[in-house]
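What follows is a group of structures, each given as structure tokens.
Here chain A shows up in two complexes: once beside chain B, once beside chain C.
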Partner chain A sequence: MTAIDIDQSLEALPARPGLWRRLPRDSAVWISGATLLAIVLAAIFAPLLAPYDPYETGQPPFIPPSFMDGGMPQFLLGTDNQGRDMLSRLLFGARTTLITGVLAIVFGGGTGVVLGIASAYFTRLSTPIMRVVDVMLSFPAILFGLAFAAVIGPGTTAVVIALSIAAVPDVARITRSTAVIIMGQEYMEAGRAIGLSDGYLITRYLALNCLGPVFVFLTLRFGQVILISAILSFLGLGARPPYAELGMMASQGRDALFFAPHIAVIPSFAIFIIVLCTNLLGDSLRDALDPRLRNS
Partner chain B sequence: MGQHIAYRLLLGVPVLFGVILFGFVLIKSTPGDPAMVIAGPTATPDVVEKIRVEMGLDQPTPVQFWRYLSRLAQGDLGRSMINNTSVASELGSAVSATIELVVACLIFAVPIGIALGTLAAVHRGSLIDRLIMAVSVAGVSMPVFFVGLLLMQYLGYKWQLLPFLGRGGPVWTVEGLRHLVLPALTLGTAFVGPIARMTRASVLEVLNADFVRTARAKGLREHTVIIRHALRNALIPVVTLIGLQAGYLLGGAVVTESIYSWPGVGRLAVGAILSSDLPLAQGALLVLALSFLVINMIVDVLYTLLDPRVQRA
Partner chain C sequence: MNNENRCAIAALALAGLMTATAAGAQSITVVREVDSDRYDPHRSTARGASEVLFMLGDTLVSLDYDMKTIKPGLAESWTQSPDGLSYVFNLRKDVQFCNGKKMTAADVVYSIKRWIDPETKSPVRWRAGKVADVVAKDDYTVEYKLTAPFSELLYQLTQSFAVVIDKEDVAKLGADFGVKGLNGTGPFCWVEWKPRDEFRMKRHDAYKWGPPIYDNRGPAQVQEVVWKIVPEENTRLAALMTGQSQITQYIPYSGFRTIRANPNTKLIGSREAFWTYFMGFKIDKAEVNDERLRKAIVMAVDQGAIAKNLYFGEVEPAYSYISQQALDWNKKLDATLIKTDVAGANKLLDEAGFARGADGFRTRNGKKIEPVLYSFTGSTWQKLAEAVQGDLRKVGIDMRVQLFDPTIAWGKMATQEFDVFGMSYPYISAGDALNLYFRSANVPTPNRMNWKDAKTDALLDKGMTAVKDADRAEAYGEVLEQVHNAALWIPLYHEPMKIGYSAKLAPLKAHNIYGCGLYKGLDIKFVK
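== the complex of A and B ==
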């Protein structure tokens, strides 16, 4: 592959690629999207799908999955160290993990979008908002997680707050840079000329046009949020027992790692699959929306 | 450019203040009366009052904050509530353990990541490229504890190749080195993916540059073009981007330390938070936040110096 080939491949792209026309070519989108959809549906309908109560401890503990030696057919993924059905816990655990991630993305992403648009539209607000964002950007999400667990005590609330705050600065920056470009478009000028109010211009003209790149970014970010929330739960700073959560389940399985590895491996693998699918989906969406971003 | 550096340095001031204020609030938010906790359940009211005056708890909050600041300036971070040891001395040994772990991880992850990234970029679109990128996406998506638990289960327990609990002594001894391998490998595995991705993107960009075309036109061998011309230029952003990933590394280090009982700052912080030992938690979080701040600043300045194209965003 030479430099000239790369130039040509970039030029060969259509000037304005239609997202839906380009996506079907990418099999990764469909595989990861379908897997993710299946996981989300399984999590939503966990109470209907789960064969047992995820908190009921009556069954024999440490039973390996049914396809392994010593497994029992009635426990497809075995039981954990307290005799709870792994499959049921996995479904409910995925539910908790996904909800945590979605809440953090909605709160953090929402705040970030508002800040980004406000700083682009009201130029006077730009400097103070971006200063605050720069300060927030100085710390990684994990540190926010530790800090909030220290202040308000470990728990899902601390994780959601920390991850929301950690998501704000990046989203605000992305939104602002998109919004600044849109502010320079002629239709914004036209809207202003016909006397539209600020509120109307922002909601109907500016915000709607910013959503594409922001959505892609949030998809990419969702994987990281899930990963960090799982890490915090694994450390004991997130969901409290007996509440099922994937990271916490992996942490509980650590005690039985050497004789019943499935208790730690199954939830860890579930997290891996969720994050992998989100990352693949986000990468493909980004490439489809803007091939030039691929190298950034 | 000078303006950019000055901005970054100035930005550090409010952040630093915020971090210290946070530490103070954390100490203040200790549930119950700290003087009573320290005096113990059998102490008389006189003794409790004496301790309260000694600790300055009878003073108004701004005065207390000022005292906190001056104690901090002298390196006094208070005492642990659980075992009454000095927080500063606990942190001292923990910091060196964490640095040891992070350096060992970088020594192994950076060369591998850069090599894989370059290989993928040079063979762009080929099977090798797809394979390397698939592996690195998988690496980025893998929870650090998953890697850690797998390595522990197989290399540590089943095949008995390496120890997996705690630190084995100074790193220059055989035992110390053996104990370091699994934690460093765990943290490094999580870090190879991002480095490979960044290197690939950076090399691809450089391969498009005019000077690479010139080098090829001169008739240089492909090997020389890639290593001497492309990679050397591509590494400038990569080196600094590695620094910007310090947050990612920090998250990984906290988990790795917890899994392997590695006596570092991350494990100390988590243990202190879980046992509500707020003075110790405050100290550990301060150290983590400050070191992160300093790394960020150094990287930022370095980035600007190495690549003048970087301007204020």
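== the complex of A and C ==
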């Protein structure tokens, strides 16, 4: 019998190209990535970048952006109906919106991954978990938001909880479908045969192999979460005054839509840009990680 | 692009959100913000209920446009005993309900007894006064007996809570009374109510007993009135601009200019508008129990800026707890009302020992001054809360804002959890407002301030039981002075009554009874 040197065999295989090299060379990807990075950095460093206190109401209200007629150079994006600097509120608003989205994705996505993997690995749990997920799928996120706002009062916490719960079923389904395929692979059988523990198999093989598709899905989902978060805030269920949030800022601009449209348009445009950038990035990641698309 | 064009484009875009309403030549659609939970006059206190009930039913007496003069209604005349304990109402003999049944004294007696019956659990039972009995002396004479004089009785009897109802109708409908129907004597009759969508009523053809404040005393001059719920204010404006609605008083302040400029729409107002927005302090909570802190907070709020920036100068900044035009307002207080004075507020806080910390916020005894405000979700209170919050930051007070959906806000505001609450309210006089909010017996709600003062109670009793107008005004004037001096509220603004209507309609006159601009609707008609 000939002994096979596994390490040598692996070295003989052609190296997989890195993720960065697999990302499309489409300039839109890099522009959207750079834009998103700039927005994230601006949000992180909002306290340093904001020219004014975002909650200070002393300035004249309804001043248009400085590049429009009637604008003032000291207020680059103008002021809102309470006389607060729009640029400062935009920076802080983006911060709240992004934090809400990230928290919802982390909590909701994390729970969904755990449920999806558990239902695929422990087959006895599959039916009860997936039926619960089916029930959750039947509730729209906005309904969750309303219910939580009614119980614990409107605020970022209610929005994060609602969005997290709303994200669970989709993520659980995607994870489970990927995990079920991986469970059919021979290396999983081999792992069981040589006596590897459930924990080891799940963490070292199952979870790691599921992460790619799930990560792509979460990236795409992030844009939707931001959008729903903005909708909930627009409906008055999000951040509490005076904290800025992009959806809430757009809502506050409705009263002045006919004569000071910048108050609603600027935060709405920011939401549009964030969602567009995350969707473009998500699409590109999916293309890069999907072997069928890559080969074609 | 001018405002009118922009409005038209917005209307087209938003039209899909609205159910099409065919506004026939004799049908008018009134758009409004919220619906009522029911239309039972004794159980519904919302303005949304009253504006419909005034059209479905009638009251013994009516109120003139000046909000002070009592006029005949179902009673063509009345007498009051010298001791103020008995009122005798002589009813009209030609009144009938929508189903054709004649209205008699028995219906009036039943209506008032149901109103004050503890089993009805009417939240506005006190408005009927301390009733000894209500008896029908004959088919068209009612005697209203009191155990104590009630100087405001006639004003209270003009309100929708005093609408005369049909006993048989109440018995027939049971729990569905005011939900599936109400047989009234008003200028319009109940057709259909789709909750949170629309209320449809048709003309009461036999009606001819309208209040004498109208040139047309009946029947109504339009065949049908449809009250349509349109929660979003710009959509309501667009509905009016595009003719989907012919009348509304629920117009965003930003839209007044647009309505005035548009040749197809008109705007009418009433100076006698008694609806005030305010924030009240729960005065037995830590820190806000200090009168100096409360006064400083009131001084820090810039009502003028609120009126100008948030409401485009269309509302009247409030420094008084009731309109200075209202019955029994104490004119001596005009000169002493607390006005905006940020420097004065800072000085007062310094003197009271509220020191500013490194973060700019004040503390006392190591505790940061951060009063919690409870109010309603929705653009109005969000804007107001933010404006007051911003003003208070300037004097180092970090007000925490918690806004709740109206379905749970009332319950939250019945608790002792908050330091400040935000609310608005209608009233017809000083006595109406003061008896509601400042009586010890009304703690914890509607006296959410927990203001318990024996002198106030005695003065309110004196005002309520006064037989002479001057005695009543003096007693209520003293209470007004007492509560203003104690800085129990932050008055914000007095809401004007403004009605936008189509130029296809004949000129209207705005009423303001309980904030209901159309009142009986007898003057609504299309221009020929």
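We take it that the second predicted complex is superposed on the first by the 268 of 296 C-alpha atoms of A that agree within 3 Å, B and C clash if a C-alpha of one lies under 4 Å from a C-alpha of the other, contacts with A are read in each partner's own complex, and residues count from 1 in each chain.
Following the convention adopted for this analysis, a contact is a pair of C-beta atoms (placed from the backbone, for glycine too) under 8 Å apart; a residue touches a chain by one contact, two chains touch by 3 or more.
These numbers were taken from a predicted model, which means no experiment stands behind them.
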Which of chain B and chain C A:V275 touches, first, second, both or neither: first
First (chain B), second (chain C), both or neither touched by A:I142: first
First, second, both or neither for A:G238, with chain B first and chain C second: neither
Which of chain B and chain C A:G101 touches, first, second, both or neither: neither
Touched partner set for A:E56, first chain B, second chain C, both or neither: second
Partner chain(s) touched by A:F258 [first = chain B, second = chain C, both, neither]: both
Chain B versus chain C as contact partner of A:G83, first or second or both or neither: second
Partner chain in contact with A:R173 - chain B first, chain C second, else both or neither: first
Winner by number of chain A residues touched, once chain B and chain C are compared: B
Those residues of chain A which chain B touches in one complex and chain C touches in the other: 146, 149-150, 153-154, 236-237, 251, 254, 257-258
Residue ranges of chain B touching chain A (in the complex, touch as defined): 11, 14-15, 18, 22, 25-26, 29, 122-126, 137-138, 140-146, 149-150, 152-153, 157, 201, 204-205, 207-209, 212-213, 216, 246-248, 250-251, 254-255, 258-259, 269-270, 272-274, 276, 278, 281-282, 285, 288-289, 292-293, 296, 313
Parts of chain A lying in touch with chain C, wherever the complex brings them together: 55-58, 61-62, 81-84, 146, 149-150, 153-154, 236-237, 240-242, 251-252, 254-259
Residues of chain A touching chain B in the complex: 1-3, 6-7, 131, 134-135, 138-143, 146-147, 149-151, 153-154, 173, 177, 223, 227-228, 230-231, 234-237, 247, 250-251, 253-254, 257-258, 261, 264-265, 268-269, 271-272, 275-276, 278-280, 283, 294-296
Touch list for chain C against partner chain A, complex: 3, 6-7, 10, 233-234, 252-254, 258, 305, 309-310, 377-379, 382-383, 385-387, 389-391, 393-394, 401-405, 407-408
